[in-house]
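Below are two complexes that have chain A in common, paired first with chain B and then with chain C.
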Partner chain A sequence: MQNTAKTALVIGAGPAGIEAALKIGQAGYSVILIEKEKQIGGMVGKLCSSFPRWENPQEMLDLKTRELGKFLSNITLLTNTTLKFCEPVEKGYLVILEDSDKELNVKVDAVVLATGFDLFDASVYGEYGYGIYPGVMDALEFENQLKDWSAHKSQTEAPGAIAFFKCVGSRDRSKGNPYCSKICCMYTAKQAGLVKELFPETKCYVFYMDYRSAGKGYEEFVRSVIEEKHVHYIRGRASKVLPQNNRLLVRAEDTLMGIPIEVEVDKVVLATGVIPRKETARLVEAFGINTDQYGFIESEFGSPAKAGKRVFFAGGCNFAIELPGAQYQGAAAAAEVINLFYQDEQEER
Partner chain B sequence: MALDSCTNYSLQEEIQRNCDVNLDTCYECGKCSGGCSNGHIFDFTPRKIIQLIKLGQENTLLHMDALWICVACNICWDRCPSSINIPRIMDYLREKAHQQGITATRPQVETFHRLMLDSIYKRGRVAEVPMMIQYNLAIGNLFNESGMAARMLLKGKLRPVLTSVKQIQTVRQMFNNPKKKEG
Partner chain C sequence: MNRVRVVEPDQRIPEVPEAIFLFRSCTGSMEYPGTENAIKEILKLLGIEVVMDPDQTCCSGYLLTCSGYLPEFSLGVTARNMSIIEKSGLPPYVFCNGCYGYLSELTHIMEHNPAYKDMANGLIGSLGYHYKGGNNIFHVQELYYRLKDEIAGKVVRPLNGLRVGCHYGCHYLANQYGILDDGGYPAFHEELIEALGGTPVFYKERQMCCGYSVGRGFTHKEELVQPHLYKKFKSAREAGVELITTVCPGCNVALDREQPALAKKGYEFDIPVIDMGQLIALALGVPVEKLGFGANTVSVDKVLKKLGVGKGD
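Moving on to the complex of A and B:
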């Protein structure tokens, strides 16, 4: 029944990689799923909640871990493992995988890159004081803060006010990132909403150019945060953070009125944009595939998930993507791999 | 424009409570202002008025010219994608300005409001011709708009004599207890 002659290598065990590995494994082919970190989950494992349904990402990861467990005969999960070397051979690649103490030589018939994205380094913005004022944090640090607050709510003194700055490292030509990072509008709404859920008295200000909420349930999600949780959206990019009265003074323009405004807050959360991972660049070179000018993997014309000869991609290595989108792409890459393996078998028969 | 930087949300809460609106639902799209009958001469258009409320700029709001040139045509409310009752907000601000004894930027408009309310209080209705005469006397320009009045009168558009409604006491209840009708 099972055909395990064909093997796919999936690089990165975030939501996209897990989905790809699961689907390929469930179709009866062998999969090696490698992850450079100790734990699977990628970016999702670091998040406190999800949009647009306020679901716990950990529960989703637990579900996927259980599913992976059911297909262990097909799917080999290797954590702490990276790709050391690869060499194209006929209908596949010879790869060397390495973890801390050993190497594994294996021939794979297809590769799925699911290496994810990184966040923009907010310290590039001197005016925001990231790395200088302790109250200024980037989006992932704040997810961690939210996890901590949720776990120790009773011992936590509610902050008086928090400001969220959108488009930090996105839509900024001067920083070399003219693109919209797509997910920040949604995760900022989520983070501000979570703060109001934990501490209803805390004032939340979101400084925005516009908010982008194209997705099923997304617009309603943002509106509910504004209208029901009373997060204050102020149109205008915050321009400066200064220390004042042991707090942080935020200066911006209310562009709807054309007047300068100032607000004193306890924390500033920078909605840092999405950039390609450095590790992806190395893999791009190794597999000889194309990227755009920023370093995100480009698809071949006409294919949703193909990047090169027997190389496919899914998730954040292609561009900023939210959790469900990463899963769609993982499934799409798996479909391409399964199709390719099926074609191979037809030829071999 | 020398407005104080302000992030006080108590004015927004006060107006939401009294006017049965939720200003957080504002999309900031400007459709209210695009359609506004007198928007071209407003110092602050309806969209900006909502924003001023959010910024707690009470002083600016109570002294603005728009308060007295808004004709309460309801177009802003009708077109608002969030159905925010802006005319009610304008009423509330006018009432508040009046209560605080703030001089209207357009005294004639305030005079007109007062005469109209007087007429309703006394007779339960307004008749255009006596009202116009009263108004013209009050502003000291007896022949104000008289040419148009004559043409309208000939076409039967103006009520020449003022009669009283039968149940004037019912009308006066509105003046005694303006909160009552809101239930």
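Moving on to the complex of A and C:
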């Protein structure tokens, strides 16, 4: 039985948005899934591997794309598309969606925001020289580098050493971000582990305050990176990156040994923290919903996926989240939407 | 929580003052009297009146750092100095990072703890002073940077590509909030050097501390400070630095006066160290005898010679 009288708008086709769209579509309702980029996948599409099982995120995306393909009668995917305008009406919103050459006016009965997160601007840490020394990169740039190395391994000269700095833009009140971005400990372990997988001779140093690995299989994952892949974990924040011998000199303190240390490396990877997307702020205003002091969407009391009147959310627009978490939230938002539509139908009868 | 850490010069100093209260530095005025003089000469050329008050004392930070006396006493000294500044009705400008750091910090403490302010006022009240509060502390380097273009326009003795290594000093940048540049990678001094026609050199250890706080007769005189400074000077020499500038007399003392001690151990660097104000004054054509280079331990002569300035210019 198909009931396509009700339509949900899902904004953002990352893992959370895709999951929400799929579940709502599979329940028999209409879904418009919009994505501002050309490609679906959001952050996940930019990643080289995943934790805690070293899976290829592209395979997961391909699987989801195939699933979306099976429900084309219900789910309309519009890439390169953004929300231009919205107006609340009775039991829903009138929205105008726009891509490069046309606009689409449509009435939707519910909205799911799944706009994802952004990364902290690492250039705020002048001492690390991001944007000054070419060898210093943020986490997402390094994912791209890893993809490149994986694709052209035989033509690549193995780097001598790589340093990873954790908590760049996380847990740092002086930079305005006192919160823990939660995913960086895990993605840093993954990145360092991948380097060792590609180039076993490359030395990897991870500078950490403490590592947080709360999740199924997470602690074992980090331990395996340290013990089996031989990534060096050094407890202490790095204080300075300087150019030396065409490489980078890292100054830090090993707080467990109580000594200052210096290591020369070829790359410094900054485990940049998570911040809300600028675009989210516009949507928050358009739908009249609440955010926390940083700009992450806040849930209404009693529902972990509801942000306002017929507005739900999932994934990184609420806070830093890893891939499985984004999918849980997408499914949770979908359950709320399906429930709402079902209630509507009961009333209409 | 403050996201605005670095401010633009015209945010920091929206309007260039017609007159300033120049807060004298003990170390600066005693060790290198030419610094204070250079500032007065520059400001005269820029049309800014300098007001000073002989009643002003040391900022008191120096002994506070070494726990020489109780912090309450420092609050009293700061409140007294601030009340003198308030009486002048002018914005206070310091020329020492130490004065900048301590005045900012101690006034901040009093601003946010009325009980401390009352206590300090109690201490100075019997002497006839009263501190109201709410002042902003500036450093003359901020004024130089604010007036960079005006200064560049007045250069009559360009530095001819002189390779200058800047030393910022910790106590300005470490303030972290509301300062002119990123404390982790500052570059506004280098911009000033360019404006004067010099070649700024980003030597590797340019941000390394001068070692003054532990070096000049305090806790670790030789064994810690000398290897530390050796590292700094070595990197400066390798980068071809001909002159180091400071904006803090403490740094100037540490970097200048310690070089003979290093030379005695066989590490001769012979890199002159002067205040940024002295260099600006030099470029603006202030007669060299007004700049007090005779007080420097490492002779500035070879730099003066390179600039074509005789000692008796």
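Here is the rule we use: the second predicted complex is superposed on the first by the 349 of 349 C-alpha atoms of A that agree within 3 Å, B and C clash if a C-alpha of one lies under 4 Å from a C-alpha of the other, contacts with A are read in each partner's own complex, and residues count from 1 in each chain.
Here is the rule we use: contacts are C-beta pairs under 8 Å (C-beta built on N, C-alpha and C of every residue); 3 or more make two chains touch, one makes a residue touch a chain.
Just so we're clear, the structure is a prediction, and the values are computed from it rather than from any experiment.
Student: Clash or fit: chain B and chain C on chain A?
Tutor: In the arrangement built by aligning on chain A, the partners chain C and chain B fit side by side.
Student: Based on the superposed arrangement, let me know which partner A:I96 touches: chain B (first), chain C (second), both, or neither?
Tutor: After superposing on A, A:I96 lies clear of both chain B and chain C.
Student: Quick check for you: in the superposed arrangement, does A:H232 touch first (chain B), second (chain C), both or neither?
Tutor: So A:H232 only meets chain B here.
Student: For A:M209, decide between first (touching chain B), second (touching chain C), both and neither.
Tutor: In the superposed model, A:M209 contacts neither chain B nor chain C.
Student: Return, as a multiple of 10 degrees, the angle whose vertex is the Cα centre of chain A and whose sides reach the Cα centres of chain B and chain C.
Tutor: After fitting both complexes on chain A, the angle is 70 degrees.
Student: Given the touch rule stated above, what does A:L256 touch, chain B (first), chain C (second), both, or neither?
Tutor: In the superposed model, A:L256 contacts chain B only, not chain C.
Student: Between chain B and chain C, report the minimum C-alpha distance in the superposition, expressed in whole angstrom.
Tutor: The answer for the closest chain B-chain C C-alpha pair is 9 Å.
Student: Could you tell me which stretches of chain A are touched by chain B in one complex and by chain C in the other?
Tutor: In chain A, nothing is touched by chain B and also by chain C.
Student: In the complex, go through chain A and note every residue touching chain C.
Tutor: Residue positions touching the partner: 124-129, 132, 173-176, 178, 240, 242-244, 249.
Student: Which of the residues in chain A end up touching chain B in this complex?
Tutor: Interface residues on chain A, with respect to chain B: 203, 205, 223, 226-227, 230, 232, 235, 254, 256-263.
Student: Which stretch or stretches of chain B touch chain A in the complex?
Tutor: Answer in residue numbers: 1, 3, 5-7, 9, 22, 24-25, 28, 47-48, 51-52, 54-55.
Student: Touching chain A in the complex: which residues of chain C?
Tutor: Within the complex, chain C touches chain A at residues 1-3, 5, 176, 182-186, 204-205, 207.
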